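Please find the structures below.
Common to both upcoming complexes is subunit A, partnered first by subunit B, then by subunit C.
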Partner chain A sequence: MTTETTPTPVAADSVLSGRHRPGGPAVKPFRRRLGPWLYLAPLLLFIGVFKVWPTVWGVYLSFFHVRPYLGNEYVGTANYAKLFSDPDLRSAVVHTLFDAVFAVSGSIFVGFWLAVLLQGPARHVRILRTAVFLPTVIAMVAAAELWTTLLYPSPYGSVNSLLGKAGIGPEPFFNSPHSALASVILMQIWKNAPYDMVIFVAGLASIDREMYEACQLDGATRWQRLRFVTLPSLRPITTIVLVLGIIRGLRVFTEIWVSTNGGPAGSSESVVTFLYRQFSQNNDTGYAAAIGTALLVVTMVLTCLMLLWRRRKDI
Partner chain B sequence: MRIRTRAGVWLLYALVVFVFVYPLWTVVATVFSKRQAKLGAMMNVPHGLTGANVSQAWHLGVARGLLNSLIVVAVGLTLQLTVSSLAAYALARKRFKGAGIVMLAILATMMMPEEVIAVPLFQVLGKIHQPFTGGTLVNSYGGLILPLVGWALPVYVLTGFMKRVPLELEEAARIDGAGDFHIFWRIVLPVCRPALGTCAVFGFLMIWDQYLLPLLVSQSPKMDTLTVVVTSLQASQEQGEGVRLAAVLILAVPGVLVYLALQRLFERGLLSGSLKG
Partner chain C sequence: MRSVTPRTARSLCAAAVAAGVAITGAACGGSSSSSGAATSKNAAATGTLNVWIRGSGDSPKAYQKIFDAFTAQTGIKVTIGKATLTDFETALTAAASAHQLPDMVLDDAAQMGNFVSQGIVLPIDKSKFTGADQLTDQAWSSATDLKGKVDAVPFSAQANVLLVRKDWLDKLGLQPPKTWADLAKVAQAFTTQDPDGDGKPDTYGLAVPGSTSRGYTSWFWSTFLYSAGGDFLKPADGKFTATLNSPQAVSSAQFLEDQVCKNKDVQPSALGDDTTATNKAFQTGVAGMYLTGPYAYATMDATAVKGKYIVVAPPAGPDGTAGTLAEGTDIFTMADSKQDEVTKLEEFMVTPAAQKLGMTAVPSATVVRLPVNKTVDPAEVHGDDPRWQLAQQVYSTSGHYEYDNAPNWTQLRQKMSDDLNKLLSSCGAVQGALSSMNSDVSTLLKQQGVG
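Let's look at the complex of A and B:
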């Protein structure tokens, strides 16, 4: 049906399997060679137009001073020079790294203990796991709006009224430069720890039971069992979750933009909120494009390093 | 680890539920409470039931936002799954020159999330003109939807799944004279239903979660998606937090429903995505 050439046995065979076999004809019919690309075309079109084009366009824009209606003015590497000397961007980078490291490692820590507490196939822990997982599936915007209410900086706020009963506070949380970023991290841990929990529950289930039995025979305490069997077995997964999480954390935007808007006084500004501010409030599109390009390069380098390292370690 | 008693364990369960679930309950309680507490305060139990907060939020743009979000998620998810499964079919079942490079290129787009390329993407959307209306993709459903269609995760998951579909199934159909597309549509795709379900859950949450893209693309309240509407609502002294939280609740509920309905598919996808991906 697809081949109108003379039906030699070899051709019939390649039609049957849909694959080119060694020893078959060297030149496949045109339609057969085209086939896979027809199936790939829609995806490649979408990726080309909405991913590759903007990426290339961003690199191009980063060399310009973008002026609407007046035409773009070529400025060479001025945007990049600004990028390296801008103290506001530097503090945004510091906040972003701080946020990524603490939110991700905090989530892993809490997620691990949740998994230890709620592991296993018993019905009641399964129900509890489902319930605890809910913060993960609500939209980030909803979580951020919820937490701005929970952490409302008056004595009536939910968390402050609890703290008040213990004789602490009221704390300003998102409203003070000293605690805004920490409050964002707290919210991120609340939202992401259950996600890590599910990964650790699977990790715990895959640990060989015989290792635990051997421990028991050797008279190991519960703590030793955790320290010398559980933690080493989970190390590869933990490292992957940590590295992927930090790379993903470099582009944090929604939770900060919604809860603190980068404030107060820029104390929780991240790289992407800073980038968006350059575009939407300072009208400096070229500079925003340069920051985006730099962030993309950093992400790519880190991802490649991680892939290489994973290949070397074979995990 | 030192807690040995059952009571201690149940105490920890209670603590965990209090931290992770109770805040969500207080949203529900506050939204449906007739009497509102002071600004910033939330209710532990509703004082007199009312739907007034929901209906007020509904008229303050939530209705339009919900409609837009539903349109975006329905069209976006359909396109995303169609495009991904077509590509996955070629990558998993065909051997051709360049397959490895294509897969690598697709995975590389994982490193180009909306946040990083947002600004140039916005300008690109302003260059693309739509058929019929002649306007650009800025401030249009096309602009809200199309950038989300090409996503590496479903391609990756579906390719992996399709590779494990036995070749014999396909060969039997080929002998019966079935064409390539027929085999894809009638044989391979139905077998992949679980993987498609997983991708649908993740795609739904990914599209529903979008914030920066609609923030850029939408230029009028008419095109705002629900996430943008929710962040534009303010709490006020008279209404308390009720109306604002009603919008938050409407934004949160679909994700929860999708998760509860398709929980098994979701957890499987989560594990394959983070352990192998």
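Let's look at the complex of A and C:
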């Protein structure tokens, strides 16, 4: 029988840093290094199985003509060659960029003004803020159903009947190639602006009050305070929300799939709805994987640039 | 915000690049897997047959009645492994890649080419199939490829008919449409003359599922294409030629465009509506005519529109041609299945007894719409309902199947839907649009190896 020595408790910071604390107990460095990884293991395993492996497998499949039962056929870079010459994909890329830029900047704009109007600790303002925040917590599918009903293209659709009273319309909204993408963007702004509002409310609260007071002493107007104090103070947070939002916006899917299905005439097709169509309707898994891989690379490059830029600017 | 040190940024990016290179290398180095032909395992004559069904609601119950009758007769047990409408083919693909296919699948006939090119179905030996001669030639030919190989057993058939609001016709003193010209006239009257009498211009003539989802635009157009005397493709010598720039195809697309763009007598959301939304347009009195399959009888009769509509044959084209879209449900024998037992079940499912069960066992789910067995009279089975009589007559005299036997018909149908939806939403020139549709389809046929 062997006697087991109870390990002496080790300070958390020394475990995490993996460094010996001067005068600390002599435990094998390996065991000490293993500790944190053991705690992380369940999460890492989860990420590995459900994120990393599917990504790796997707990249692998992009070099094949995928035939699940008969066995995949290696096709080299044929799927990538198709990707660069596909006019439908090209227009999907344009729609995606358009959607990402306008939906994100639109919701930042609306979110900012909501925050300016609804900042402050008063109870009625808090109630209003909660009410305004509601769209963000509604499931996208339900929101899209709501908006397709509101924007029904006949003169008796809810929005069209209001427009009709003002002598406008009826507008086709989701049902015309000229307005489908704009309508989807409008819906996204409605859904995401309140989220941005919350970020801006936090940002506004962190601005040093003394700056406003100094302004007031100098006789600055409301507009000047906004222009020369609020906006410059919020610039870093705005830029980051904008850039991250646009990168995330490249993957837009649900919003479009449930409201317009990419139509009419492909006028609101995004890269990911196009990808999904290749997979689910055209059975071209290899091509879908190639598009997914290209999107992954673009997203990674943009994220790297973003990280480097933040380092430069020291944000 | 978390601060990013130069090291983190650089190492993150480096790791990403390294991972990318490693993956690419692995993929390029990977050899192509061998292609194994589909085989059957007739080994153990025991065990339960696993059947997957594309269907939901009460449909599985109706199938279960048929399977129960089969088990009572043969002692072979059958279990429904999966029954869903959502992503059914995706689930099947996943099962195929795990080599865990069910024994038998019931799905739209339109999936046949897709299944065959995936190598997941076994061909049917018609000469050894008991009762093969009782099935209509029309149904068999829909399951036969260009070289005469039979890839599925037809189980149910259907053809599109026209549902028209009788109360609206009566109010405006109109007759049900018999020709395209009548159709346009009635559609115009329904749109402009307030047939529901509420004093608002909120009604339309035709309910159109014009969304590109699942290829609906082309699916809907097909009845007009057939009744103009046109067709999608022309098969010859084991190849297909696209015939979408024919004068007949152009005139049928022109007719549809006139309704959408010039007369504006289709429901306003038509070009984004799938069949669920279009059903709703007819059920709620937004549109007064709907070209759809006889399965819609049960759907419509469960709503307020019950008893207010009549069913007529699709209107004849400009030169009097009667043509309509025919479709069906097929039984597929899956690779690696217990083939002998599956064949026994297939032979049972097309007998008059099983076909009648499929039509009536569960009233809310007529899984057999029109019987494929010649000896069964659908109107008689449905209690002499003249609507079924009409559906049967339309199917056998003017039903045209789509090219389900092309290697990937769903891809072709999707492309045509995209192009047609583009034409209808831009209200552009029809001739040019169909010429480019024709060349799009030709390109895809070549890619599929049959162009």
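In this section, the second predicted complex is superposed on the first by the 282 of 315 C-alpha atoms of A that agree within 3 Å, B and C clash if a C-alpha of one lies under 4 Å from a C-alpha of the other, contacts with A are read in each partner's own complex, and residues count from 1 in each chain.
As a convention for this text, a contact is a pair of C-beta atoms (placed from the backbone, for glycine too) under 8 Å apart; a residue touches a chain by one contact, two chains touch by 3 or more.
Everything quoted here is computed from the prediction, not taken from an experiment.
Once the two complexes are laid over each other on the shared chain, residue contacts for A:M300 go to subunit B and to subunit C alike. Within the superposed three-chain model, A:I240 lies in touch with subunit B and with subunit C [touch as defined at top].
When the shared chain is aligned, no partner comes close enough to touch A:L162: not subunit B, not subunit C. Taking subunit B and subunit C in turn and counting the residues of subunit A each one touches, the greater count comes from B.
Legend: residue contacts after superposition of the two complexes on their common chain; A:V94 is shown touching neither subunit B nor subunit C.
In the superposition on chain A, A:F253 makes contact with subunit B only, while subunit C stays out of contact range. In the superposition on chain A, A:L134 makes contact with subunit B only, not with subunit C. Using the contact criterion defined above for the overlaid structures, shared-chain residue A:P68 touches subunit C, although it does not reach subunit B. In the superposed pair of complexes, A:A205 makes contact with neither subunit B nor subunit C.
In the superposed model, A:S154 lies in contact with both subunit B and subunit C. Common to the subunit B and subunit C contact sets on subunit A are residues 152-154, 156, 237, 240, 285, 300.
Across the complex, subunit A is touched by residues 1, 3-6, 8-9, 12-13, 16, 19-20, 23-24, 26-28, 30-38, 87, 89-90, 93-94, 96-97, 99, 101, 114, 118-120, 200-202, 210-215, 267-272, 274, 286, 335, 408, 410-411, 414, 418, 421-422, 424-426 of subunit C. Interface residues of subunit A facing subunit B in the complex, by the touch rule stated above, are 1-2, 15-20, 33, 35-40, 42-44, 46-47, 49-55, 57-58, 61, 114, 116-118, 128, 130-135, 137-142, 145-146, 149-150, 152-154, 156-158, 161, 190, 194-195, 198-199, 202, 222-223, 226, 237, 240-241, 244, 251, 253-254, 257-258, 272, 275-276, 279, 285, 288-289, 292, 295-296, 299-300, 303.
Put simply, subunit B touches subunit A in their complex at residues 1-2, 9, 12-13, 16-17, 19-21, 23-24, 26-27, 37-42, 82-84, 86-87, 89-91, 93-96, 99, 102, 105-106, 108-109, 111-113, 115-124, 128, 146-147, 149-150, 155, 167, 170-171, 174-175, 177, 179-180, 184, 205, 208-209, 211-212, 227, 230-231, 235, 241, 244-245, 248, 251-252, 255-256, 258-260, 263, 266-267, 270-271, 274-275.
By the touch criterion given at the top, residues 56, 59-60, 62-64, 67-74, 76, 88, 148, 152-156, 170, 172, 174-177, 180, 236-237, 240, 260-267, 277, 280-283, 285, 297, 300, 304, 307-308, 310-311, 314-315 of subunit A touch subunit C in their complex.
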